[in-house]
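Each of the next two complexes has chain A plus one other chain: chain B in the first, chain C in the second.
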Partner chain A sequence: MATMQTFDAGLIPRPDIRSLSSGTSWASSLLQERLRTILQSSAGNIVHQAMTSLPVEADKMHRLFNASAALKMAASEVSMHLPELWRRRLFENIDDLHDPDDWDESDQLADPDSFKTFLRAVLHLGIRKNMMLGISDDGNILAGLRRGSDSLAFAFLPGDRIRWSIVEHEGDTTNSAGGTTSLERLPNTLKSYNPEAWFGDADREPTA
Partner chain B sequence: MSGSEFDKGRDYARPPIVEAVIERRYTNPIEYNLVNRVRAEFEDEYPAIAQTAEYSFAFIADGAPPEFRQNPLGYRMVSRSGTDVVLATTQTIAFARLAPYPGWDNFNEAASAVFGRARKSIGYKPINRLGVRYVNRLDLPEVEGVPLGTQIADYLRTQPSFSDSMLPFMRGFTLQFGFDVQIPDCTSTMTVATVQSPVPHHNSVLLDIDIGRTTHVPQMERDIRQLLDQIRDEKNRVFESSITDRARELFK
Partner chain C sequence: MPTENLPLEDHVARYVRHRLIQFDTETKAPVGIFPDAFQLRPGERDLSVSWVEYFEGDRKTQMKAVAEHSELRLGRRDGFGVLEVAALAGICEKHGAKVRVLYEPTKDPSHSAIHRYPRNNVAMEAELANAAAGDLSLVVDIRDS
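And now, the complex of A and B:
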């Protein structure tokens, strides 16, 4: 079996995997891991190496900076598909969610998998309206949209699952509905609630 | 497209760049206390700090428990904006800009400022590699019934080729190759790889272009800037040579 030692001794040629400039994004880390895996599978199961970055969590403020940065870095991966003003507002919302003055030690940080579902939903549904964001007790991203006195709310769960609820007023009558569905089925589910009006055009300017 | 257009690159409204990096790799390891000094220099503006370390699990001898080794290398520091990153390790200082890409002038200027401050913290250290890396991700709208390999070929001119019998069954690939570029002493490594798309109903492909120099590496800031400008033009040429007009449509 080939080992790193036999490569180093020049006994067999080392696979020609090139050393790249550093990277910090999800994409560059993924490539680095794939290339490392190719090298290691050629070497047999003798040495497994991995490069990781673990947050330095010295205090509450740094923990919140790290949590906020992780969400922004995830959003930046798809920022080319988001209107710039909307992205900036999202980043402001992320900062607000991690404001140290409003943060209690018992508060839950956002689950990155929930945030991933949120981003995918934004892209899939074409949500361009201003949203209120929150984090549930179990770390799921919450989003609320308002239209007059009507409201539409989502909880984004890991794995492209979404909990939704809607409240609409028609004269003196209040209609409400809700459920849990997949991202794939959500547009169909919301079809009878005039989704274009809820998600619609991009807001022109960020709110003050 | 003419050669001069290649060299200039294009100003795309929605460039597919997910990360741009300028890296200086040093001949001798930087002492960890100096890496800590770099961290202190930047931590106010780059407050999201993660420690980077290399971990290895080594199976040294039959029957013996595996040996776990941890080697701290330095720090990854992310700015408040969430898009600028300074990487300071015992081997390298790098500046990365995540999407949205602000254009070369802005990016290069920000990197220059970071390297200037880092140099004040660590003093002069001989550089043995200067590298510029652009990781692009092309999000290709899914077309039902068309094999992935065929879809990708509509957008990328640099990609693996598959036999007709294999093409319909291809589910993904990682391709890396090196080549000489039109700058003396510089080489490029391109990595093309399919990845799970973050965008629903799309297939995504990474096009990672890394150009670096390891011999006759400039040490003076003026010479470094000159080389970086050349590398940037060459990167544009390589990128534009690797994509089709259909891909360009995606970035408008």
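And now, the complex of A and C:
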């Protein structure tokens, strides 16, 4: 079982990522290895190949199927660290996003580097709450969380950069904030916004 | 044609692609809009919207007309988020942008544009998306209504 430690904001348990580089436990080493695979090995390459090497004339359904499959394969590389229900919903979400009936030829397929940032964020931050996914006009993976009328949204950019925004209501007042930060700094950035409420069911331990 | 500001009490509908709509993971109902739906695309100077009250009738009839007259290829799970002009302008002003919402018909007679709309104002885009999500309709529901 992976060692759990406190989320940087002091509220949310997450896998002990900091110990990965020193390899202090077999679970940490395994997680480190899995994270490395996203960046360096087959799944990441498969994502790139499926999304960048297809012939232009390949029909829409074929391209969408391949794109969807590539994302799922990348996620499968770390699936043992994701709760079963969360993973199943992620896959359903990926399928929904690639429904040929909804897809226009001008739409951009998901950027594989953005999806890597998404996966790393999920593992690094211990986000387990069901997120609603989207794809931006430039192919970045989007994730949204809602609590009543409040909303928290992320755009996962290549290279572990994350654009975030939050909208909260307090009586008649609406507070909003947003910016772009790194994956490493995101927990600290969100400290002021009650992360426990947003990632409240993030306390399930990884299954590894 | 003289410049025509939309009445503050009227409403505008912003078209939202399905991949920018937040669908509940369990019910699949549309519950939110990603802030990216309120970003200017490269090359765009103004944010395009449809003037809901340009069309007569009740809200359902108006939204049906908005969808019918849109110059875009609408997918069944694409949607429209509606905002009151005053509320939209108020949110933008709160974030430092004094926008003008002008009637600028194209082939779509309800087409309007938000001028002086800033780029890279993530918090403003998030607040607009959050507000528009309160009155969000899918194309399939608008057509079937």
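Basically, the second predicted complex is superposed on the first by the 143 of 208 C-alpha atoms of A that agree within 3 Å, B and C clash if a C-alpha of one lies under 4 Å from a C-alpha of the other, contacts with A are read in each partner's own complex, and residues count from 1 in each chain.
Quick note on the criterion: contacts are C-beta pairs under 8 Å (C-beta built on N, C-alpha and C of every residue); 3 or more make two chains touch, one makes a residue touch a chain.
Keep in mind that what you see is a predicted model, and the values were worked out from it rather than measured.
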| item | value |
| --- | --- |
| Partner chain(s) touched by A:Asp101 [first = chain B, second = chain C, both, neither] | second |
| Partner chain in contact with A:Met132 - chain B first, chain C second, else both or neither | second |
| First, second, both or neither for A:Met73, with chain B first and chain C second | first |
| Partner chain in contact with A:Val167 - chain B first, chain C second, else both or neither | second |
| Chain B versus chain C as contact partner of A:Ser192, first or second or both or neither | neither |
| Partner with the higher number of touched chain A residues, chain C or chain B | B |
| First (chain B), second (chain C), both or neither touched by A:Ser151 | second |
| Which of chain B and chain C A:His62 touches, first, second, both or neither | first |
| Chain B and chain C contact sites that coincide on chain A, given as residue numbers | none |
| Complex interface listing, chain A residues touching chain B | 16-18, 20-25, 27-28, 30-31, 34-35, 38, 45-56, 61-62, 65-66, 68-73, 75-81, 84, 87, 91, 94-95, 116, 119-120, 123-124, 183-184 |
| Residues of chain A defined as touching chain C within the complex | 89, 92-93, 96-97, 99, 101-104, 107, 130-132, 134-137, 142, 144, 146, 149-151, 153, 155, 163-167, 174, 176-180 |
| Touching residues on chain B, where the partner in the complex is chain A | 14-16, 18-19, 21-23, 47-59, 73, 75-76, 78, 80-83, 85, 87, 89, 92, 94, 96, 98-100, 131-133, 135, 137, 139, 174, 176, 178, 189, 191, 193, 195, 198-201, 206, 208, 210, 212, 251 |
| Sites on chain C touched by chain A in the complex | 17-26, 28, 31-32, 34-36, 39, 41, 73, 75-78, 95, 122-127, 129-130, 133-134 |
